[in-house]
Amino acid sequence: MAEAPKKSLFALLRESQVWNSIFRHGPPDNTRNRSLAVLTNVFLHLHPVKVRKSGLRLKYTWCAGGTTFFLFLVETVTGLLLMFYYRPTSEYAFSDILDLRSQVPLGIMREIHRWGAHAMVIAVWLHMLRVFMTGSYKPPREFNWNIGVLLLVLTLLLSFTGYLLPWDQLAMWAVTVGSNMARATPFLGNEGPGAALLKVGDISLVHAGDDARFALLAGRFVGSGALLRFYVLHCVGIPLVAAVLMAVHFWRVRKDGGISGPL
Amino acid sequence: MPAKNEEYARSLPLLNKVFAWSSLGLLAGTVWMVWDDYYRPWKRVQREFHALTAKKTETAIQQAEQAVDQNALKQIQEDLKAAQAQADQRKREHDALREKLDRADVLVFTTDTHYKNTKSIYDATRFEYEELSHQNSARAAEQQEKLRKVESLLAEYKLANEKALATQAELKKQEEAILGAEKVLEKKRADLFAGVERLQKKLAAVEPQGFLMKSFEVMRNAPLVDFMAPSLKIQQVVPNGQNKDINFLTIPRVDRCQTCHLGTDQTGYENDPQPFTTHPRQELFLAGKSPHPVDKMGCTICHRGLDRATDFFDAAHWPDSSEQQAKWTKTYDWAPKAHESSPMLPKRFVEASCLACHSGVVHISGAAKWNKGRDLVERVGCYGCHKMRGFEGLRKAGPPLTRLIWKTSPDWAAKWVENPVAFRPATWMPRFFGLANNSSPEEVARTREEIRGIVAYLFEKPEPGGFPRLPGKGDPGKGEKLITSVGCLGCHAIARLEKTPPTLRRRFGPNLDGIGSKAKPEWIYAWVKEPKNYFPETRMPNLRLTDQEALDITAYLTTLKAPEGWEPGEAAPNPPLLDRLVEQQLRARMTAEEVQAKMASFSEHDKEVYLGQRMITRYGCFGCHLIRGFETTPPIGTELSEEGSKEVDRFDFGYVKIPETRHDWITQKLENPRIFDQGKVKTSDEKLKMPLFNFTPEEREMVVTVVLSFVKEKPPLSSTYLLDARHKALEAGRRLVQEHNCQGCHLLEGEGQEIRATIARKMVEEEGIGEEDADSRAVAFSPPFITGEGARVRSDWLFHFLKGPTPIRPWLAARMPTFGFTDEEADTLLRYFTALSESPFPFETPPPQPFPPGEMAAAKTLTSKDYFNCFSCHQQGAKKPEGDPSGWAPDLALANSRLRPDWIVDWIKDPQKLYPGTKMPTFFDPASFDTSGPDDVLGGDENLQIKALRDYLLTLGSARMGS
Amino acid sequence: MQGFKAAVDGICNPPILFSLIFALFFVAFLWKRVHWIWTPKACILLLTAGLAFVGFGLTDPNFHAILTKPDNVPIVGMLFLVGFFSWLSMYLGLKNDRRTAANLPPVEKLESEIKILVWPDLVYTEMLCMILWSVLLIVWSIYLKAPIEEPANPAKTPNPSKAPWYFLGLQEMLVYYDPWIAGVLLPGLIIVGLMALPYIDPNKKGNGYFTFAERKWEILTFQFGFLVLWVMMIITGTFFRGPNQNFFGPFEHWDVHKLVPLSNINLSEVIWVRVFNVGLPQNWLVRESFGITLVLAYFLLVPMVLGRTLFKSFFEKMGMVRYQILVFLLLCMVSLPIKMYLRWLFNMHYVVAIPEYFFNI
Amino acid sequence: MPDDPKASAAPSPVPAPPAAGEGVTRRGFLSWIGVAWVSFSGALGVASLSTLRYFFPNVLFEPPQTFKAGFPDEYIAGQVDNRFKESFGVFMVRDAGVIYVLKAVCTHLGCTPNWLEAEFKFKCPCHGSGFYISGINFEGPAPRPLERYRVVLADDGQILVDKTRIYREEKGEWQDPESFIVA
Amino acid sequence: MKRIASLVVAGCACAALGMVPARAGSIVGKVTYAGPAPAPKTITVTKDKDVCSREPHPDETLVVAADKGLANVVVYIKDAPAAPKMAIPAKNPELDQRSCKFHPHVQIIPAGSTMDVLNNDGILHNIHTYPKNNTPVNQAQPKFKTRMSLKFDKPDTVKLTCDVHTWMNGWLIVAPHAWYTVSGPDGTFKLDNVAPGTYTLSYWQETLGSQTAQVTVPATGEAKADFAYPAKK
C-alpha cells in the first residue's frame, strides 16, 4: 500500500516531541480536544469554546464583524509594508506613490490597501446594520454598541487620514473640503457660530491660525504639516486607539453573552 | 461524553472542499498578482531592443571580420612563429635569467620589509622623542640619540632596497629582450581583432549565446529573483535641480523615459522605429558634449509628460498628428490622459520648451520654428492686444492713424477696414468683419454702420498739415528699375514681381500691392523721401533718393492698383440702425433718461463719431495703431504671459468639437477666432472680437509654438541660460538687427540676405542665366555678409557709417539706407558686431612703424599690373578702374580709416574663407601657401608679402597712419 | 433609449428624486400590500433590474465615466450590498414576524438553544471567509488601479472637488445647511444619537433576532436615517453632483459651464420685505426674531405637542429626560428633509440668518 | 410567496457527525484536505517570497555606479583630477600613458585621501598614510595600495567608470586591461 | 541528327552572344534651335582693351548656326549605371584664357581629373567657379602664374567667370561617365561606344536649360537622335 509509509510517517510526526511541544492535545476530533484546540491557541482563544448555533449562521451574522477585523489586519500588514517606500513629505509623497505604481516590486500593495480600506468602511456599516436589525444593541449590550459606534467613527477617520497621503489633487482637495467643516465648529472654528464673540478688544482669540481646523492641519491650509499630522494619525494614533477599542469590543462580546441571539 | 457535544454544525467534507477550492483560488490569485507585478510592458520593449541590437551587432561583426587585414594577420602569425622559435632557442638563457630574477625578487622583498619595519620603528621613536622633548624630559636626549640611530639604519635599508630594485629592473629588462618580441606581436594580433572582440562582447551582453548563458538570462530576469542581476532594468535619470514646480512644492524629477527609449543617446538607430530611434541633433541634445546632456537635463524638461512613468499611457504621450493618434490608439490603446496638466508636447510644438531656460533672448539658436513664430508675433503685433512677457515696450505694430487724411480717403479706409485681404491679399492687418460670428445679413448691416462710425472717428479732426503737390513728373519704368535695385525689395514684396511667396523678412515692410489705390501720390513722394516726417517711429529707413528718383518711384507705385473689382466706398448711412446702436452703447452706461437727453443733443455726425469711438474701444484698434484719444488705453486682450501653463479647463471650448488641449484650442482660435461663439446666444457686445490673421497653417503652428512657450514654471537658475557681458551685447544688437530687418539684405549669423533672391531673379530675367547659377552669382551682387563685420572694420568708422552710410561697393545697386540710428543704437550695434567676431572694442592695434626698408617698394610691385594688379578692380580715391562699375571693387583709399589691420592680413590670405562667394580672388592659394606668391618679391616670403600689402594699403588714403 | 435616459435624468432632480425616495421608502416599509418586495423572488427581480440598469447605463459614455471612476466602484458595490442586506434583514424579520404571529419563537431562538463547539465549525468558516476575502481583494486590486491624479496644488482647485465618498453625505447636507450644522452639529448628533440609541429605545422586544413588526418605529427611523439621509445623500453627492456642485442626471454630460439659477432668500426678508413691505431692521435680533421664534417653537413646542398626541405612549414609557432627548434627535433628523423642501419649494436660504456671527440656520 | 412558518418551525436538522473515516473515504478526505493545504501553503509561500522581494527596490536614487567621465583628452598627463572626487569618490589619474581611476578610500581605515600637488602624493588626513600617484602605499599605516575601478571607453569615446568592479594591486589585477585605458 | 546539331550550334551561338559583351553602337544627331536665331551680339570690352581686344568677343551664351544648328549643347545619357567611367587622360585637360575669353567655352572633363588653367594674356585673371557639388574656387592668376591646376572630384556643372573681366564666361562639365559629348558649332554630336539599349538622352544648354529624349541604341550601327530646342520665350 502506498499509503502505509505515509501514514506511519504522520503517526511518527505526531508522536514526536516537537509536535507534542506545540500541540498539547490530541487530534481535535472529540469534544475535549476540540475545546482544547481553541483554548490552547493564543489566536483562537478570542473565541469561547462553544457558541450558539445562530452565531454560526451567515444568514444571521453576515460575517460582517469578522470581515471588518480581517480587513483591519490586511490594512495593518499592507500599510506596514507601504511605509517602507512612502515618505510623508510634500516633496516626496506624491512621487513615492507614483513609484509604487511604476517601479516598486509588488507595488500592488497600495491597491490592496486602498480597496481594503473602502471595503472596511462598507463592512463596518453592514455590521452596524446587522446589529441594529437584530436589536443586538439592547441590554446587556448597550456599552458594546457604544464602543462599536466609536469604532465606526475611527474607521472613517482612518480612511479619511489615509486619503490625504497620496498627496495628489484628489487627496488634497478631498481633505480640504472635509476639513473645512472643522472651521465651522461652534466657538472652536473661526467661521463657527460664536467664534466672533471670543474677542478681547480688537484681538480675536479664534481665527484661522488657531482654530479647530488649524489644530487638525497644522496650518491654515492643507500643507506639509497636515500631511505629516495625518500620516502619524493614520499609521499610529488612530490604529492604536482602534486596536484598544477592538480588544474591549471583542471581550465585551464574550462577556455580554457571546455573539448575540435571542435571549 | 454525551454524543450531543460531538455534533458538527457543518459538513466537514464540504468545508474541506470549499477550503480546497478557495485555496486554489488564493494560490491562483497570488501567482497572478506576482505575474501582474512582474510583467511590465517595458520589459517586452527592452527585449525587442536587445534583439534589434543583436541583429545590428551581428552585421557589424561580419563587417569587422571582413575588415581585418588578412595579409597583416598572416604576417603577424609568421612573425610570431619566428619569435617563438627564437625564444625557444634562448630557453636556457631565459631559465638562468629566471632563476636570478627569483633571487632578486626575494632580495627586494626582504629589503623592503626591513625598510618598512624600520620605518615604523622610526615613526614611533620620533613620536616618543617629540613627546619627551615637549615635556622637557631628561630622557629626551637619550631618545634623540636613539632616533638618530634608527634614522641611519633607515637610510641604509632604503639604499639596499633601491639597489635590489635596480637589479630587479635590470633583470626584467633582459627577460623582456627575450620575450618582448612575442608579447608585442601578440598585442598586435589582439589589436587587429579588438573591434571584433568588442562587438562580440556587446553581442553577448544583449543576446547570450549557448544554452547555459541563455538559461542564465532567463533566470536572472525571472519573477521574484530579478533583483539580483537583471538585464532588464528601469533606466532613469535624476537631473540635478530640474525640479517640477507646483506652487510651493518642488518635486524632484526622475526621468525614466530611457527605460523604453533605449537608443536615444546612441548612434546607429536613426532609422529604427520608436521607441528606439536615436534622438536627432545629437550635437545639441543628449550627447555628453552637447549643451543638453541627457544625464543632466533629462527628457521631460523639454518634452514634458510624466517623468516617472514606465508605461506608454502613464507617460502622457501626445500624438503629433491624427495618423499618429490612430496608430497609437491601435498599438497602445492610447487615449487622452485625464489628470495630467503637463502631457507631452506634440513633436511639432516641442520648441515651446526652449524659452523657459532661454528667456530674454531674441532668437534661440537651433529653434527655427520658435524663432520664426516669435518674428511673426512681433510682426503682426499680438502684443498690441495681449500682454506678453518679453514683448514689453515695443512700438505699435501698425501705422499711426492720427493724420490719416494726409494719406488716404475715408472711402478707402471704410472698405479696407471691412476686409483688408480683399484689397491686399498678403497684408498683416487682420480681419474683424465678415467672420464666423458676424456675417449674417443683420450682422453685416450692423458692422457696416460700426465701420462708418470708426472711419468718421478716425477722420474727425485730423492733425493739421499735409503734403505739397508733386514737384514734377516721374517715369514709372525707371521707378520699377529703382525699386528692384536700390534695395526696397529687402523689406517689401510686390506681388507683380514675385515668382515664389516672399520670405518673412521680405514681408517686414507692408506689401505694396494696391498702394496706388490707397495712398495719395503726394503722400508716397513725401514718404519715400523721408518716412519719419509722417510716422516718426517707422522702421522704414531713408534711401537718400534724389527728387527725380523719388518721383520715378512714386510714378511706379501709383501704377499698383487695387485688385480687379475692388472699389472704395462707404456703406450708405442707416440712421435708424445708427440710433439703435448708439442708444445701445449709451444705455450700458447711463439711465434711459440720460440716454434720451444725450441722443437729442447728438447730431447725426456726432452719433457716428460716438459709435466709432465705442467700436474702437471694443475692437481695440489702438493696440496696433496710434489713435487720437486712445494714446494710453490699456490693451483689450487676455494676457498671454503664462498661456502655456493655463489649465486646459479654463479654455472655453464651447460647442466646438476638437480635442481638449491647449494647442488645439489656440490653433483653432487662430484659424477661426470667432468659432467658440458657435451655438451661443450673445449680444453684439458679448461676442468674441479677436480678428482673423492672415496666417498659413505653418505660420499658425509657429505662433502656437510661441504662445505655448509662455509658461509659468521657472527653471532653477542653475539650468537657466544666463547672459554674460558678451551675450548681453549680442542680444541687444540682435534686437536692433531684428527691428531694422538688417537680415532682409545682409547675411548675418548665417541667416538673411533674402534680397538676394530678387537680385538673382533679375539676373535670370536680364542676363538670361539659369536660376541656380544666378543665385550663386548673386551672392557677390547682393549687400555684403556682415557676420564678421566686427573683425573687419574699425569701430569708429562703423559708428559713423551707421549714422550716415556712404557707398563702399561700387558694383552694388542696392544702397545702405540711412536708418537714423541714435548714438546709443549705433553703439549697441558696434558692440554687437565686435562681440560677434570676438574682436576688441573699440580700439585696434595699428601696425608698428616705421616700415622695414624695401617694404613699400615691394608692396607697390605686388599691387602693380604685372603682379596682383589690384587697381584693375579697386578704386583708389578718385582714381577709378577701367570698365563698368559692376566690375569694380571697394576703394582702397578707405582701407586706412575703415579696415582693421589684422583683418586685412586674414582677408588677403584667404578671402573665400571669410566671405564665401566674394569676387575677391585668392592670390595666395591656402593649399600651397608657401609657394603661391611670386618668388621675386621679398625673397618669396608670402607672409612678408601679405604684411607689406597691408602696410601699404594703410598708407593709401588719409594720413591717419602718419605720413 | 434616449427617451429613457432623458426620463431618468429628469427624475434625478433633487426635489423629484428625494420626494420619490421618501415616498418609496415609506411605501416599501409600511404598506403591507407591497411587502412582496421582501421575498426572494422580488429580491432577485430587483437585483436583476439594478444590474440591468447599471449594465445599460455603462453603454452611455457619461454614465460610464462617473461609475467607473476607480473610487466610485466600491460605492456601486456598497449600494448593492446595502440594498441586499436591507432586504435580507426585512425578509428574515418578516419571516420571524409570521412565526411570532403563529405563536412560534423566532428562528434564531431555536438555534440559539443549541451550542456548537467553535472548533472546527466557527474557526474553519472564519478561515474560509478570510481566504475568500483575500482572493477578492487581490483580483480587485489587479483589475482596478488605485487612482492617482496630479500632484497636490493648493493654487488649483479641481472642479468638482469632493470629500471622500463616505463623507459625501455631509457635503450634500452643506448644500442646505451652513457648515457648522452640516459639518459639525449634525455629524456630532449622528454619533450621539447612535450612542444614545440603546438608552432611548423603550422597546424591550426584538433583542437578538430579526423582526419588523415588533420594532417598526425603530427600524423605520434608523433606516430612514441610514438609507435615505445617509446612503442616498452619498449617491447624490457622488454620482449627481458635477462641476460647481451642480446637479447632473446620470446620463448627463458634466459640462463645466452649466448654469442653474440659484437665488435664495432668507425668511427674514420674506417676512419683513414681502409681507410687511418694510426694510430689514438694523438690529439682527429684531430682524431674525421670527426665525428664532420658529426654530425655538420647533424644538420646544413640537415635542410638547407630540408628547400629548402621537408620542404619548413613548412619553409615558420613557419619562421626561429620555423622551426629550429622543424627540430632539428625531427633530434634528427631520429638520434636514424639512430644510430641503423649504429650499426647493420656497428658495429658502436661511430660517435664521445671522451672518454677523456665522449663525445661520 | 410567503414561507410557511410551520415548515421552518423545527431547526434545520443537524448533519450527522462525520466521524473520521465515516461517510467519506479516507482517501477522498485526504485528497481534498491535501489539495487545500498544499495550495494554501503554496499561496502563503508565494506571498512571503514576494514580500521578501518587496524589500529589494528596483531603482535607486543614489549616485549611479557607472558614470561617464568625459573624454580622455580632457585629462592632463601627470595630473590627478579631483573633479569626481566629491560626486563619485574617485580620483581620475592620467600618468605614464594610461588613465586609471583610483577609489578615494584609504585602505587603512577608510578616510578620503587628498592629492598633494606640491608633494606629488596622496596623503590620508586621518593617519598619514601616503600613496604614490600610482596608488601604491609607501608610508604610514595603510596596509595595501589604493584600489582601482574598472574603466573603459564607451561607444561615444567617453571614459566610462564602473564602480562595481574593483582591481587590487596585491592580487595582480592592475594588469587587467579594464583596470586602465591607454591614452 | 544534322538538324539537332545545327540547333545545338545555334543555341550555343546564341548563348555565346549573350555572354560576350555586346558590341557597342553610337548615337549621332544634330541639335537645332526651333526659334529664330538671335541676332549675333558682341560683348563690349571695357577693360584691358589692348589685350582683350585681340580677338572678337561674340556673345557665346547662345550660338545658333545659319542652319539653326545649336553649338555648345552638352549631350549625355542620363541614369546610366552600366556606363563606363570616363578615362582620366594622361595629360590634364586645359582651359585657356586668351584675349580675356575662355577656350573652350564649354568643356567636358572626367570626374576626378585635374584641369590646368592657362593664362596666356599676361594680365591678371581670376578663375571663379560656381560649382554645385565641388568646392567653389576664386583663384587669382596674375601674370607670373601662367599655369594653375584645379581638381574636380565630383560630377558637376560648373560655371566659370572672371571677376576682373566681368564678361568672361565659360562652362565646365565634370562627367561621371563616358557617355557625354558636346555639340559642335554646327550642332552635330556623336556619342560612341554606347551599349545597346534604350536610354534617356539629356540635352543641356547654358541658357536654354535641360531637355530629354528617348533613344534606342542598336547592337551595332548608329542611332539617330536629332533634337530641336524649343525657342526661348
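For this structure, a couple of remarks:
We just call them A, B, C, D and E in the order they show up, numbering each chain from 1.
As a convention for this text, a contact is a pair of C-beta atoms (placed from the backbone, for glycine too) under 8 Å apart; a residue touches a chain by one contact, two chains touch by 3 or more.
Values in this document were obtained by computation on a predicted structure and should not be read as measured data.
Traced through touching neighbours, the fewest hops from chain A to chain E number 2.
On a Cα centroid basis, the chain most remote from chain C in this structure is E. Averaging Cα atoms per chain gives one point for each, and the point farthest from that of chain D is the centre of E. Chain nearest the geometric middle of the protein is B, using mean C-alpha positions. Chain pair with the most C-beta contact pairs: A-C. Separation between the centroids of chain B and chain D, computed from CA atoms only, is 42 Å. With each centre defined as the average position of its C-alpha atoms, the distance from chain A to chain C rounds to 24 Å.
Measuring from the averaged C-alpha position of chain A to that of chain D gives a distance of 38 Å. Centre-to-centre separation between chain C and chain D, using Cα means, comes to 56 Å. Residues of chain D in contact with at least two other chains: 11, 14, 19, 40, 50, 53, 56, 58-59. Multi-chain contact residues of chain C, defined as those touching 2 or more other chains: 107, 111, 114, 116-117, 120-121, 125, 131, 134, 138, 141-142, 149-154, 156.
Of all residues in chain C, only 71, 74, 77-78, 81-82, 85-86, 88-89, 92-93, 105-109, 111-123, 125-126, 129-130, 133-134, 137-138, 140-142, 144-154, 156-158, 161-164, 166-167, 170-171, 174, 178-180, 182-185, 187, 191, 194-195, 197-199, 201, 204-211, 215, 218-219, 222, 226, 354, 356-359 touch chain A in the complex they form.
Those residues of chain D whose C-beta lies close enough to touch chain B in the complex are 14-15, 17-19, 23-24, 28-29, 32-33, 35-37, 39-40, 42-43, 46-47, 49-50, 53, 56, 58-59, 61, 67-68, 70-71, 139, 155-156, 158. By the touch rule above, chain A contacts chain C in their complex via residues 28, 31, 34-35, 37-38, 44, 47-60, 62-63, 66-67, 70-71, 74, 90, 94, 97-98, 101, 108, 110-112, 114-116, 118-119, 121-122, 125-126, 129-130, 132-139, 141-142, 145-146, 149-150, 152-153, 156, 159-160, 163, 166-174, 176-178, 180-186, 189, 191-197, 221-223, 260-263.
On the chain C side of its complex with chain B, the touching residues are 114, 116-117, 120-121, 124-125, 127-128, 131-132, 134-135, 138-139, 141-142, 149-156, 159, 256-257. Contact residues on chain A toward chain D in their complex (touch as defined above): 3, 29, 53, 81, 84-85, 99, 103-106, 109.
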